[in-house]
Every structure is written in structure tokens, then in C-alpha cells.
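Read from first to last, the chains carry the letters A, B, C, D and E; within each, the first residue is number 1.
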Amino acid sequence: MNFFLAELADPNVSIPLVLPEMLLAVTGIIVMLYDSLRPGRRRVTGTISMIGLILSALALFSLWSSPNPELSGFGGMIVADSLRMSFTAVFLLVAALTILISTVWVENEKVHAGEYHTLLLFATVGMMFMASGNDLVIIFLGLETLSIATYVMAGMRRRDLRSNESAMKYFILGSYASGFLLYGMALVYGATGTTNITEMAQRIGDAQFPALLLVGAAMLVIGFGFKVATVPFHVWTPDVYEGAPSPVTGFMAAGPKAAGFASFLRVFVLGFPLLAGVQASAFLHDSWVTALTVMAILTMTVGNVAAIVQNNVKRMLAYSSIAHAGYALVGFVGAGVAKTTSGRDDAIAAVAFYMLTYAVTNLGAFAIVTLVARKNDRRTDFEDYNGIGFRSPVLAFSLSLFMLSLLGLPLTAGFIGKVLVFRPALEAGSTLMVTLVVIAVINTAISAYYYLRLIVVMFFRERSEEWVEPRMPTALAAVLVLTIIGVFYFGIAGNNVIEMFSNYPVDVQMR
Amino acid sequence: MVSVLFFILAGLAIACAVSCVYHKNPLYSAVSLIGVFISLACIYLTLAAPFIAIVQILVYAGAIMVLVVFVIMLLNLDEDKPLTRLRYLFPIGGVLGLVLLAQTLFIFYAVTKTPHTSSEQGNVVGQSMSIGRAMYTEYLLPVEIVGILLLMAIVGAMIMSRRMGEPNLEAVEGSREGGD
Amino acid sequence: MEPGLGSYLALSGILFSIGAVGVIYKRNAIGMFMCIELMLNAVNLSFVAFSRHYGDVTGQLFVFVVMSVAAAEAAVGLGIIITFFRNRLSVDVDDASILKN
Amino acid sequence: MEFESVVQTVFPFAVIAVAIFLAFNGVLMIVAYTVLAERKVLGWIQGRIGPNRVGPWGVLQPFADLLKFIFKEDLVPDKSTKFIYYLAPLVALTAALMPIIVYPFGPSIKADLSEWLPYGLGETFSHIPLVIADLDVGILYVLAITSVGVYGIALAGWSSNSKYSLMGGLRSSAQMISYELAMGASVIGVVLLSGTLSLTGIIDAQIHSPWWSKWFIVPQFVGFMVFLIAAFAETNRVPFDLPEAETELVAGFHTEYSALKFALFFMAEYVNMFTVSVMCVTLFLGGWYIPGLDWLARQTDLVWLFGAGTVGYAVVSHVGFLLKIFAFLFLYIWIRGTLPRFRFDQLMNFGWKFLLPVALANVILTVIVVFFWHR
Amino acid sequence: MDFINQYLLTILILVPVIGTAAIIAHQVFWKDESHLKWLTLGVTVITFLLSLLLLGSAQASANGFYFEQNTPWIEAIGTNYHIGVDGLSLWLVLLTTFIMPIAVISTWHAIEKRPLAFYAFMLLLESAMIGVFVSLDLLVFYLFFEASLVPMFFLIGIWGGKQRIYAAVKFFIYTALGSLLMLVAIIALYYLHLQATGIGTFDYVTLLGSLTAGKLTFAGSSAYVGTLLFLAFALAFSIKVPVFPFHTWLPDAHTEAPTAGSVILAAILLKMGTYGMMRFNFTLFPEASRELAWVFIILAIIGITYGALVAMVQPDVKRLVAYSSVAHMGFVVLGMFSFTEQGMQGALYTMLAHGVTTGALFLLVGFIYERRHTREISEYGGLSSVMPIYSTVFVITAMASVGLPFLNGFVGEFLIMLGMWSSTILPGSWNQIATMAAGTGVIFAAVYLLWMIQRVFFGKVTNEKNKSLRDLDLREIGLMAPLLFLMVFMGVYPKPILDSSKPSVVAIQQIVNGETRGGTITELNTEGTDQQ
């Protein structure tokens, strides 16, 4: 019998390298099983999920701090570099905060908490694979795991037409984008004959079909652009964000976007680098840097300008998230044009840190939006925030803080994040990069208008209708405390985190 | 011989694809799409990939499209209404199509202009043994992730299609005038 | 005589274009979904052609993965479409306009 | 181009074409007489006589039926979707017939035909396999084509523009999709034991098994039972013939079909029965393989006649193969005569909550056993 | 004492923050709003008293700054918490701590709505303003510069007049836009320094050191980089000052802000702009400063004239005072860009004088507004007979603003004119022409203020409502007394301030005139201290 059991018994496996992902996946399965046996116990499933997340985080940190780390495993499909580590930390944080935020919603809507938690955990596993995958297969799978979970999460409020519509639009456009992404992957594979990103980078010089590389990269830009919501591939964002349940919207803006950036960075910055003396790589590199620069400019501008005219807070935050994707792209481009390896790694760490600050701030904001929206996400217009400033000072001041952090005011996390992502682009010093940063800055000023608007509405207007302050559940209070501390911590003493993000001295390329 | 076969199948695939897009009746589209899938499966055979060819039929034609046809029947869909809104999509679609076709031409041109010889190995990698070996050794991790993905999809599909009560009427009335 | 790699890629590209344009022209969700499946299939063809060309199993494995993903996506996606239909009695995307665009 | 190379290219195709023609006709003949047998057996079971007017004992009845179908008036529902309405029966029958090419009807025959065939064709035909195409992925092929067969039913149900048809079509597709899973899962045990997806390979594996498991029905009895039950459901036979439940749905998906188009559906159903029987036999009962035949030939010095590779061996094996199939076909008819029908929810519950778990448990058990067996 | 001396500036920044925490804690635990103003007053007075310690003897560090503190902050970015004062910033810090208690007292009866938040924002604002004047790290400076926006935004937005939302948002966005471009320039400087010397830094002193030592230059091909950076900085500060075309936020913000807000805005926030120009633009980009000085001089003159002319036709007293600010700040800019010692000293002096005088004017307007709830000039008339003390104080303050000799406005303006006259920054006699053009501004200032005084205070009481107006009470007089004292004191005895600021101003002036190329700022500053 033609078996290959010998190989099977000893496959190319390195468990510690995927331990964080594994633990989380197992937690997901446990939650699912528990929920099917004893349905409707959201506290228990939530607790199990949190424990799983914490265990996963512990595994991650042990991997992070291990003295002689295994750099890659599974035949180079999984890597342990600073990019993966820092982004994974962001995902875990996002997932944990989302679970806490969702408590209100889960209770109000009578959603099946167990299933919701299962999906959230699996989505997180997907995001983690997107960051850790050094192979297009893994990245694609991670992305799809994430996307499919998120489609469902967006439509979980099944009786609400807005939620249905959100899920459907997200599904159709998300799969559409996946199609482009996949085509890009196919062409890149065709050009180089490998799906491993490290090998891909090495083979650019002697690729069999260099022309395909260019087309493939263009398709990949479209696909990833969709996922991270950059203009002109952002059309789905406002509708989906508005219609999805508020905690899910917060999650989508913080988690999947960061995950998209993780893969996007890996594929482009590490996969299509500028190799000395290789003409094909120079052309490819130039093209994608220019394309992303233009995209960054468009993204910021459209996001900010469109956000100004919104009357719905969730929609405003959706456009704001588009704008933030633009700012993060500035750091991305900075990583692309970095002249040294350390500069590139710093820029990647900057984007990771930016996503971290954005996630913390944004989730904090969405915690409050969830609370204010009440049942069925009914109250999400600006008018619903009229004059609540001094009726619910804790909520209002926290929300103002988050808005100011999103705006990027000093002493908040957003400021350090912005400085970090603008830096690498300025370091490059070319006119294009400086223009990019200047436009980013002007956009920041534009964004002041709509971030302030929420503050204006809350504090400067009078409330005409009755206002009953929503009861603040413990979990949500915990989220607020965590995010507020986070906003200040990252803004004032974020040094440790930044260093941790950039200091894992593993360089995939140079191995 | 293979070449002739390829061009016949390719023609069939393209014709079916066009018909899939052209037909307003979703079921016609579905049937055309099945045609595409089957033609592609045959083309995979010409590419020495029997395993993929069969899985193509099994998964796409046998599972996914059955599901689609099933849903079409369940919802008893009518023909598409003529376009009333979003007319600007026509030029967008046209431009997109032209760009993609140009790109296809470019790919074709680039590949045929580049001298290349196919690997001898190409004729055996498609065997099920070779794919099976890859799946459980080199590509064990992706296959495991596929497992997670499918598990999650089951949960997701279950959530979405579970029985439920009336839609939330407040949202309907609040934002929509008139019924269907 | 066998057709060259270019022919396969050309077919793949044409099918992809048809699918991509179809998604835009289709007015109902199921039609769009089918066009997306068409796109995925086109990509699969590219993968298989490259796999054959390089004599590398990766491409075919990728196709296998894509098919699994497509199946999962179909299950979830059709669930979403059914839910949408139940609430609204239409899968026309033009009707999906509560969220202003 | 030289004549020689033309012959070398064309002749194998011609042979295959002939083989396909023969196989199809053979199968169709079997099917035709299965129909007759069904009516007869049912008659006996119910204390009736059955058809006996056309020819002696009604032997020509199938041909009479065929004539009737051909000359009957063909009614097409007014508001039906024409194209699909016409397409559906064709799809059903095509899908039913297509698996035939991978059936191993018998062992391969060693033959020295170099004297008879010029241009080195003798070399090509030194082994004559009694299978049209020995696909590397035979089982998957059969499963794939079977799954395509659903369309015939679904499309027929939809295109007839009749609620009975629609309900019948829906039920039938749901049922087939559900039981396909159990069926696929039950096959995996066999695949694990044999280590191949090819049908000839599986028979080969059974031949080379230890003496106590010459047929995989022994180690895979659970799998066999699951397969058998799923097979009944797949073919929409009693007790799973809900799609055609006359009391509820008139005739199910083919309510609106008449004449030749109805005949196609009818044939497809019986071809499907044949197909699953072949599969059952091949996977679990050794296919054409009769344990001990070769051994017996060697013991009795009849190797030249019945030894492996001889024509005699092939003939005996083939007859054994047919007998096994007929046994299954009889089982179908027998059960139709004795068992009542399920309710639809019972049917779905049975498929999902009992059959599938059992099949999966069987797979897991087999994996464990195979793994440690080979350690 | 050592401890206090060592960390004095940090303490000054932190005391208001701690005070904020204290009043919030107080409100949470005791829920008695009436204590809040006392607590706030206490905190601001303590801050003021502590700030007086700055005048005491202290050792200047090697680079000429006193009370310097330099600790790494966010190393990943490369920024240090570097603070210190010199003769330039010292007086502005004192001005801040001095104005704050007065602003708090002015709100004694005016703030009925949400006092807790009001006082909290006031204190936070104070802390941010002190931070701006003492930061020696560009990023820290930017941080405080932006941080001062938020409390002011809330002060205007919540406690302001009818158009408060518009005014607040306009104020915020104008300032934010400018300062963000400055942020880009700051980061760019970091990298330019990194390229030039291998060390990336935001530290002002280090940057200045490299510039004066010639390690980092904006000459030759990189001159346009220097110009761009200069413009980015200048834009941020010009908006804050505000220099003529960027001034439109100011009348709105001033008019709509509550009295205390207007006082702080006029007295301190505007000075951030001029201070920043002097501190950063002149020293970091001397060439660009000299090259573009003509632009700013022209804008300043336009500002002076335009401010005065528009002030003349304002029907609203507060708006009138606001436009007078535009004119006065024009003078300050003019003085700075003369690049002469007198001009720049005058500019600094005018900054302080304007802080005191305009603060007082806004307070006075506030007093009358509290009584009558209108600021229309036409609503008043003949107040001198009804409110004699008020009228006297008002007239004195207005005279100070006009620049009457022996009052504080005169010294600064005179020095500026003198400086501009003797300047060589413009070609030929244009310097003198510019001086004369600015001089007309003084005349206009006299015109609009006197006209306003005439309409409001003299003549008959035309409006019945004005007949029963209270004159100033003790609190109000107490509030005005220190301001009046300062107006007179600064007018007759400017020497201490001018003397102590001289070395720093001269140092800047020499850098901007390119006289210290090759030398180091360190040497210059030590020389300065010796003179003192």
C-alpha cells in the first residue's frame, strides 16, 4: 500500500510558533461546544473567551521574549517577526475590548452570545494568521476566515433591515475584493513560481514573467485596498459600518483594518522590496510606492471631506476610519521608501503602533456609541447626542477625549501615532513624500471640524428632548477605564510599547 | 488535438460566462455558470490536473451551485427588474471591463513574448497522490486553517439561517416609504 | 500540439473580466454572487496553469484552498441573502437603500 | 501525416468509443429489465401477476413502454421556462449515465494481440482492462457526477412553474444534498483502507487484503450500511421517495413532464439505482472479485482457463459482478414492496443527526485503526 | 528650596493640573459649587507666588537658560522633556500667572453654569500656557501649543455668547491647521539634523547649537527648505498672533468668549504667536527671516491700519477692543521684524503691556456687560455721571492702550518706532516710511478709543436703563487695582524688565542678523548674564 505514514507522523510542524493562534482556535471551539450544550450563558462564554485571549496573549509574549526564538516554521509559512508580534498584540487587545463592549448589545438584542463569541474568536484567529503568515496561502486563508466571520457578525441583528443590508453589502463587496486579491496572488505566483513572500522577494530579480508581477501587484493593491478601505475602494465602508451593530462596527474598524494593514505591509514592503541592482524590482517598487502615495492622498482627503457632511455618528466614524487608513498609508509608504532595514522596521512598527492607538481610541468611542445607541442601534445621529455633555459627564468627556485622540491632539495616543507614521515619510525627504505629509496634516486640520462637531453637539447645544442616562454596565466601565488609560498611556508614556514593537530584532529579508 | 479541445472548451466557457452575465433570469445565469464550471473542469484535465478537475465539479457544480439553485428556487426569484437607478454604473462597468481586458491582453502578450518552457514535473503534480502528500506534509497548516474556516462557516451559516420572528418594523417604516 | 501558458492565462483573464463586469451589471445579490464565483474560477484556472507550468503543487493546493473558501463563503453568503430576503422580500440591490449611499 | 500515426492515434479512441457504446447499451438493457423486474416482483409481493401480455412473460414489455412514451402527446406547461424545462431531463439522464466510464466491469485481460493488430497497436492492447477509463480519482468522479444529477431534478421542479413540481424539486434536492454527505463520509473508510481513490485500485486493495477481509464489507460494515441507506435516499427510492409522494405532491418534480421527457427521468432514476449498486459492490463487495477463484483455478490446474488474466477468469468475474448487482437491485425492489415512507422532517433528521455522525465516527475509528495498524 | 528651585518650572506646570484634580475631587466628594472659585483662586494665586520665585537668583545652565530641566521622554520618537526660561520667556510666564488670578476673580458672579468644568478648564489652560513659554523641546512646545487650544475651545463653546459655536470651531480649526504644519516642519527639522549630524533631535538648544556651529545650514541649495520650514512655523504663529490675513478668527473668538476667556485670550494666548516667532523663527531660520521680513512688515502695517480702521466702525465695544488687539499685535510684529535691539525689546515690552492693558479693557467691558447685558456702544452714553469710578478707570486704561506717555503702552510703541526707524532690514528709506506708516496707526488708535469713550461716557444719559447702574464694587476695584498699578509702573519705570530681557533679546537679534555665525549661542548667553 502506497502510504506515506512516515512523513505523516513527522510533518513539518512547530507548535510554539502558532501557539497563540492555536490556543485561540481551541478556545473558539470550546466556546462553541459549551454554547451548544448550554445555550444562552453569555457570561460563561464571554469569560471563556477572555481566558482564551489572555492565554493566547501569554503565549504571544513568551514567544516574543524567548531568548533564542524560532524565526520561522511550517516551511517558512509562519514567521515570528516584529510585524507579526506587534500586530497580533493589537488584534488580541481589540478582540478582548470588543467582547467587553458587546455585553450591552448582546443583552439588549438577545443575540446568541455563544455564537457571537465563537465568531469573534475565529475572526481573531484569522487576523492573527494574516499577520503571521509569510505565505500567500496563509494570508488568503486568514483574510477569508476573518471576512466570513465578519460578514456574519455584521448581520447578526437579523431582524433589523439595516443590519441585513450591511451584511449583504459587506459580503458582496468583500468577496468581490477577495476575487481581485486572489487574482493578484495568482499572478504573483505565476511571475515568481512561489507563494512564499520571502522567496518571492528574492526571486524578483530572476522572475520568469516580471510583467505579471506588476499586474499582480496592482490587483493586490485593489484587493487589500478594499479590505483596509482606501479610496477609491472604500464605497462599502459607510453603509456597512452604519448598518452593522455598533460593537461589531468598532471591531471592524479596529481589527480587520489592522489585519489588512499587516498583510498589506508584509506583501508589499517585505515582498516587493527595492533590491540593489535589480531593474525589475526598482520599477515594481517605484510603481507601488507611487500608487500607494496617490491612494493615501485620496483616502485621507475623501474620508475627511465626506465625514464633514455626515449626520450619523457611526457613519461619521466610518469616514473617519477611512481617513485613518489614509494616515496609516503614509506610514506604509514611509516603510516602503525607507533606506535602511532598521528604518523600514521602525516604519512598520509605526504603522502597528498607529493601528494600536486607533484601535484603542476607536473602540473606546464605539463603547460609548453602543451605550448611547440603546436597543436596536436606534440613537446614532448627531442629534441624539445633543446636550448630553453635562447630563452624562463621564460619557461625554470620555467621548470628547476619544475624539481629540482621533484628531491627534498632543498628550493623547493619536498624537504619538500620527507623529510616528509621518516621520518615516519625511525621513525619505523627497518632494512627493513631503507633499504627502503636508496633505496629511492639512487633512488632520479638516478632520478637526467633524470631531469637534460631536463635542460641540454634546457640550454646546441644549437638549430639547428628555435624556435618561444609560446605565453603565461593569464591563463597559472597564472598557472605558482601559481605553482612557490607554489613550493617555500611549500618548504620554508609549515609549515602551513603541520600542517593543520595533525591537524584535528579526529581519525576514536578511535571514 | 488537445489544442482543438482547449479552444472548444474555452469558447464554451466564455460563451457560458457571457450568458451568465447577460441573462436576467437568475436560474439561467446559474445554469450558464454550471456550464462554465464544467468546461473549466475539462480544461483542468487538459492541464493534467485531474484531482482539481473533479473537485471543481464536486465543490462548485455539486455543492455551491446546488445551494445557489436551491436558494433561487426557495426564494422563487423573478427576473431582474430593469435598471432604474445607478445608471452611472454602466460606464464604470464598461471602463473596468476594458481595463481588465487590456490587462488580459498585456498578460497574454507578456507571457507569449517571454521564452519559457514548462516543467516536466507539471504532468505529475496534479495526481491525487502528489496533492495528498502536499496537503498533509508541506501544506498541513493551510489545511488545518481550512478546517477552522469551514467550522466557522457552519456556525455562521447556522446563525444566519436560523428561524426567526418578524422583521423589525420600526426600522422599515422609519426609513422607507411604501412597500414592495 | 498543446495550447501554451498564454492561452490559459488569456482565458482566465477574459473570464475574470466578464465576472468582474458582471458583478457591476447584475442587479440582484445572487447574480452578483454568481459572478464573483466566476471570478474565483477564473483565478483558479490561472493557478492551475501556473502550477502545471512550474511543475509545482502549490498552485493546485491554492486552488483547493480557494474552493474550500468559496464553499464556506457560499454557505454564509446565501444565509445572509436569505435573511435579507425574508425581511424585505427582494434581493434587488437597488432596494438596499436604507443606508444612504 | 502518415497513415500509421493516424491509426495509432485514432484506433484507441475508436476502441473507447465502441466500449462506451457497448457499456451504455448494456446498462440501458439492464435498466429496462430492472423496470420489468420491479413490476413483476412487486406483483408477486402484492399477490398480483404483473405485466405478462407483451411477449412471453412480458419480456417485451420495456420496448412496448418505450414505444408508448415516444408516441404519447408531449404536453409542455404554458408558463414553464422552456429552455430549462427541456434541459432538465437531459441533465438528469446524462449525469446518471456518465459514471459508467469508470466502472470496473471485470479484471483486465492479458492478451497477445500483436499478430492481429498492426502498427504496434498490439503493444498498446497487451492488457485489456474491462474498464473504460481507469481514473486516478474514480470515486470522486462518481460522487461529483452524482452530485450534478441533482440539477436535473431541481431544474425540472423549478421550470415547470407548478407548485407541486417546485416542492418536489426542493425536497428532492435537499434530500440529495443531505445524504450525499453521509455517502461521501461512508466511502472515506474504504479509501483509507485501500489508500487510493481509483476504483480499480480499491478492488486491487481488496484482492491484496488479508484473508478475513477480502471484501471491505467486513472491516467496513458500518460504512456499508450507511452507504446503502444513503444510496436509497440518493436515488429517491422507497422509503425515501418523498419527492414523488403521490399523496402530497402528485408526482413530485416530474409532475408536469410527459412522454419522452418523462421517460428520460424514469430511465435516469433506474440508471442511478444501477450506479449506486455498482458502487456498493465495488467498494464493499470486491467488485468483480470473487475470492478464491484464482486460487481454485490454480488448485485445479485450470489456470489456462480461469487463472487471473485469462478471458475465462474475466467472464466468471463479470458474471459474479452482475449477480452482485442484481442482488442489490432486487433489494431495492423488495424494500419498495415492504417499507412505508418517511415523513420529510424525519428524513432530514435521520440523515443529519444519525447517519452523518455514524459515518463520521466510522471515519475516525478507521483512521485510528489504520494509523496504528501501519505503525 | 533646592528641590523647588530645581523643579520650579515643572511645578508651575503641574500645580494647576493638580488643582484641577483637587476641584474635581472636591466636587465629587462635597458637592458644593460655591467653594470652587475659592479653590481655583487659591491655586492660581499659589502658582503666581511660586512663579515669583523665578525672579530669584538661580544658576543659568551652560546654554543660558534658567531653571532648566532635561529628561528623556519618549525615546522612540527622540523627544526630551526639556524646559527652561530666559529673559524672553520669564516675563511671559509671569504675565500668565499674574493674569490668571485676575481672570478667576472676574468670573466671581459671571459663571453660574457648570462652574466645575469652567474652573477645571481655566486651570488646565494655565498649565498649558506656562508649558508653551517654558518648553525648549520643539515637540513639547508643539504639545503645549495644541493643548492650550482645547480648554479655550470649551471655554468659548460652553460659556460664550450667541455665536459661540461658530467662534469656537473657527478658533480651533484656524489654530490647529497652522500648528499642524508646524508639526511637519518640526519633524522635518529632526531629520535634517539627523542627516547633518547623525543625531535626530527635537531639542531646541541642540538644534540651535548645530545651526550656529554651521553643522546644519539652510544655505545654498537647501535654502528653499529653510524658507519652507520658516513659512510653516511662521504660519502657525501668524495665525495665533494674528497677522493680518489670518486674523478673522480673532474678533469672533473675543466677542463670543466669556470675559475671563477674552482676557486670557488677549493677554496671553496671542503672545504665544509672537513669542514663538521670536524664539523659533528668528533663531532657527535667520536667513529666511531676513529675506521675508518685508512681507511681515507690510502685513504688520496693514494689520495696524486695518485693525484701527475697522475698530472705528464697530458698534460693539468688545469687538472694538478685539480689533484694537489686531492693531497692537501688528506693532509687536513690526518691532520684531525690525531686527534691532530697540525694536525687539519694544516688541517684548508691548507684548507685556498689551497683556495688561487689553486684559483690563476686556474686564471693564465685562463689568458693564454684567450690568446691562449689552455691549452696543449706542446703548450707552453719559456713564461718567452715573459710574464715576468706572469711567475713570476705563479712561486711564484706554489711554494706556492708546500709548499715552507715562503709561505702559507708550514705552513699547516708542521703542518699536525707534527700532524700525533705525532698522536696515528694508532697502533704503523704506524703513522710515514703514515707521511713519505705523505711526499713523497710533493716531487711528487714539481716534477710535477716544471716540468710543466720548460716546459711552460723556454727554447726557440718553438711555433710561443706564441711570440706575451700580458703580464698581470693591471686588472689581480690587481687580483693577493691580492692573492699573502695572500700567503706571511699567510706563514710568520700564528698566527692570528691559534690563533682564536684554541679553536674551540681544542674543536672538544677533543670531537673526547673522552676527553669530561660527560662534555659539552658549557664549552669547553667558555674556548676557555677565552684563546682568
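In this text, contacts are C-beta pairs under 8 Å (C-beta built on N, C-alpha and C of every residue); 3 or more make two chains touch, one makes a residue touch a chain.
Here the structure is a predicted model, which means the values were calculated and not measured.
The most central chain, judged by the distance from its Cα centroid to the centroid of all protein Cα atoms shown, is A.
Chain centres here are C-alpha means, and the one lying farthest from chain A is D.
Between the interfaces B-C and A-E, more contacting C-beta pairs are found at B-C. In this assembly, E is the chain whose CA centroid lies farthest from the centroid of chain B.
Computed from the mean C-alpha positions, the centre of chain B lies at a distance of 4 Å from the centre of chain C. Annotation: 43 Å between the Cα-based centres of chain A and chain E.
Chain E has its Cα centroid 67 Å from the Cα centroid of chain B. Annotation: 29 Å between the Cα-based centres of chain B and chain D.
Shown for chain B are the residues that touch two or more other chains, namely 1, 51, 55, 63, 65, 67, 72, 74, 103, 107, 111, 116, 138-139, 142, 146, 149, 152-153, 156, 159-160, 164, 167, 171, 175-176. Residue positions 9, 16, 19-20, 33, 49, 53-54, 56, 58, 61, 65, 69, 72-73, 76, 79-81, 83, 87-88, 98 of chain C each touch two or more of the other chains.
Shown for chain E are the residues that touch two or more other chains, of which there are none. In the complex of the two chains, the chain D residues touching chain B come out as 9, 81, 83-84, 87, 135-137, 140-141, 143-148, 150-151, 154-155, 157-159, 166, 169-170, 173-174, 177, 180, 197.
Looking at the complex, you find that chain B touches chain A at residues 103, 106-107, 110-111, 114, 116, 129, 133, 136-142, 145-146, 148-149, 151-153, 155-156, 158-160, 164-168, 170-172, 175-176. Against chain E, in their complex, chain A makes its touches with residues 389-390, 393, 404, 407, 409-411, 415-416, 419-420, 422-423, 426-427, 429, 434, 437-438, 441-442, 444-445, 448-449, 452-453, 455-456, 459-461, 493-495, 498-499, 502. Residues 73-77, 114, 117, 139, 142-144, 146-147, 149-150, 153-154, 157-158, 164-165, 168-169, 172-173, 176-177, 180-181, 183-184, 187-188, 190-191, 194-195 of chain E are the ones touching chain A in the complex. Those residues of chain A whose C-beta lies close enough to touch chain C in the complex are 136-137, 140-141, 144, 148, 151-152, 155, 158-159, 161-162, 164-169, 171-172, 175-176, 178-180, 182-183, 185-187, 189-190, 193-195, 235, 238-239, 242-243.
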